[in-house]
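What follows is a pair of complexes built around chain A, which joins chain B in one and chain C in the other.
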Partner chain A sequence: MTNGMKLVLFGAEVLTVLCALIATFHPNVLYGAIALLITFLGVAVMYVFAGADFLAGAQVIVYVGGVTILILFAIMLTQWLYQMKLRDVGTKLLAPILIGAGLFYVLAKALLDINPKFLSDNAEPAQKFLMTPKTALLGEALLGSYLLPFEAITILLLGALVGAVWIARPR
Partner chain B sequence: MNAFMTFVDKATGVQGFLIVGAILFSLGIIGILSRKNAIGILLGVELILNAAGLNFVTFSRYRTAAIDGQVANLFVILIAAAEAAVALAIILRFYRLKQTIDADEANLLRN
Partner chain C sequence: MNQSAAFAHTLQSWTSQLPILSAFPLWAWAAISALGVIFLLALPFGGLATYVERKIAADIQDRIGPNRVGPIGIFQFAADAVKMLAKEDFVPPGGDRFLFNLAPLFVVVGALAAFAALPLGKHLVGADLNIGIFYIISVTTLIAPGLLLGSWGSQNKWSLLGGLRAAAQIVSYEIPVALAILPVILISGTLQVGSIVEQQGWGVGDYHFWNIIHNPFTIISFFLLFIGGLAETNRIPFDLPEAESELVSGFNTEFSGMRFGLYALGEFVDVFVMSAVLTTVYLGGWQLPFFNIDQWVIPLPTGIVALVHFTVFMTKTLLLVFVVMWLRWTLPRLRVDQLMGLCWKGMVPLALINVTGTALWMWIFKGQSLMQLLAKAFGG
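Let's look at the complex of A and B:
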């Protein structure tokens, strides 16, 4: 990667983390949802740099275009926007932060300890893999060795969506 | 400037990806534990699912250079979408019932 590409990726990472912080700690859930949207976009940029072009598109379509809009709809349907009820003041913030920080400490210690020889970025197959378009490969995998999970997940999706409509039906 | 570029170099490598995933996961746990608003809890769950997907893609690219991790992430995205739809339907139903989405108020099954 050139230095410019590295700076773009670094910017996306910083944006992702900052917006995830806002999504977690902002007292107003509406602003949290909008910050979450930018987090999803940052993760999509990171997918591009990890060689997952199709997944970056799917991430933008499903998360940014679907899940976040759904969450915003739910916020606006359930709470009057300019009412103070929207605020979600974290009265018990200390214990969650301690648990989260401890979790992050353990994870980071393990992740920074990886033997560098397992992480070589410049190996020939890895570089070739990065530049291959993934759509055809994913399609072959989904209808080949992953056919059973693929069919199972279609049933799951159908059941979940029909169930969601049934739960939210007007009486 | 040089020290900064060294840091950027490290942050854009595999460990940078994994650390970002760990940060997203920890923040999601904090969000789930600290929020009282049901939609706020859902935000935390989405963060955690994204962290899981990011780790799948990262290991798929840097460790095996194979497509398996991306297929797994596709399933994660699908399950996240289904989960969000069901969760928001339940939240809407609950709001109609109680006029609030405070998770502490969800005690209908108690006793």
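Let's look at the complex of A and C:
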């Protein structure tokens, strides 16, 4: 990576973390949702730098164009939004710490398991891997070696869709 | 891998012999080409489109239309721009100033960002990304949060209703739009826009022709994509977010001056992007029918080929833009329930049938187009 690219990546990382913090701690839930939107965009930039081109596009279209809009929709149907201060006053500590630590362990383990060949910036296999288009590989993997989990997920999603229509049907 | 060279590379190779310009690094050319596309193509298009739209409206309604500023009123858009810049930038007192100011930027950024991957010619692609067409449809979704946040920041019930309608409409119609592009991706096996255009061919020799007549399903998909694009860009008959007769002016009711100008510009640029996507995936992009300028009897210099490509691409795109404007003065507006019914009960099932049908066609006829089959049947 050139220094300019490193600078862009660093900027995206800082923006992502900052907006994630705002999304977590801002008392106004609407601003939290907008910060979340920018976090999603920042994550998409990181996917680009990780060589996951298709995933970056999917991140934008699904999370920015879909999920954030639904969150904003739900928020805008809330009354007295600006007077409302959202603060978690309960002393729920154990469960969040356990879940957070577990998630951290999984992510750290996944990161440490990466082939060391890919870790240095200018290593040739890493560069080559970054520049390969991933869409075709992803498609072959999903409809080849991972066909069963893929089909299981589609059935789950179809079930969720049918269930949503059933709940929302006119009575 | 790349058949079509990116803009910046083209500029760099053209200027490699010149004294000062050859010292410019690639990123400088990339920045120059980005600014060039925005200021020489997108923004003038947005300005001229407002004038052309009014002239077309006038012609259809048997009026004269703008005719005072310059010959046949051609400088009307410049006068409008000056008026908008000079107007007070008003924020409604009860509104949310931050969101109100932020929202138009989302719309403009979403529409302009798509230009990075639009193939204006073989040597005129900002960045021929591996996921080109997917990038275009995903980056234009930034428009939806822009409309929603601006309407919320206005603190006005008409604005909010318009914004909610816009968001619901754009999110819903994203699905038929994506499904209507999918048959082309099945045919060409790539998301790269340059490659999609090149594979459509000239119609001579091997009878590769535009995707619109590749098979019966792609003809339907073309119209689905056009209708879905109309809905995504909030154009009549799908202009419910603005709906003058019910919502004053919808999501942009409270906007004035250049912020309103940015919304209007974003809308027109988005119409251009949608027409350009249709041209790219279904109408052969920069290619002339039955005439291959790249392999002419005399090899032409790259500059002339690029100019011809650009002209062909713009002609096809602007014809589609004209149809969009024509429709505006022809069709009445839909109701909300009709809009959602059309999307979920009409277009989505039809688009799914098209995707399946194209996949079956590719499997049965080994990827040959209708024209190739006919040519084979009649011994062509």
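Please note the rule applied: the second predicted complex is superposed on the first by the 119 of 171 C-alpha atoms of A that agree within 3 Å, B and C clash if a C-alpha of one lies under 4 Å from a C-alpha of the other, contacts with A are read in each partner's own complex, and residues count from 1 in each chain.
What we mean here is this: a contact is a pair of C-beta atoms (placed from the backbone, for glycine too) under 8 Å apart; a residue touches a chain by one contact, two chains touch by 3 or more.
These figures come from a predicted structure and were not determined experimentally.
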Chain B versus chain C as contact partner of A:T24, first or second or both or neither: first
Partner contacting more residues of chain A (chain B vs chain C): B
Touching partner for A:G144 - first (chain B), second (chain C), both, neither: neither
Which of chain B and chain C A:F54 touches, first, second, both or neither: both
Contacts of A:G66 with chain B and chain C, given as first, second, both or neither: both
Set intersection of chain A contacts, chain C complex versus chain B complex: 54, 58, 66, 70, 73, 134
Residues on chain C engaged by chain A in the complex (per definition of touch): 27, 99, 102, 129-131, 134-135, 137-139, 141-142, 144-145, 148-149, 152, 160, 164, 167-168, 170-171, 174, 178, 189, 191-192
In the complex, chain A residues that touch chain B: 1, 3, 6-7, 9-10, 13, 16-17, 20-21, 23-24, 29, 32-33, 36, 39-40, 43, 46-47, 49-52, 54-55, 58-59, 62-63, 66-67, 70-71, 73-75, 77-79, 85, 88, 90-93, 95-97, 99-101, 103-104, 107-108, 111-112, 114, 118-119, 121, 123, 125-126, 128-130, 134, 137-138, 141-142, 146, 149, 153, 156-157, 160-161, 163-165, 167-168
Contact footprint of chain A on chain B as seen in their complex: 5, 8-9, 11-20, 22-31, 33-37, 39-40, 42-44, 46-47, 50, 53-54, 57-58, 60-63, 65-68, 70-71, 73-75, 77-86, 88-93, 95, 100-101
Chain A residues within the chain C interface of the complex: 4, 30, 34, 37, 53-54, 56-58, 60-61, 64-66, 68-70, 72-73, 76, 133-136
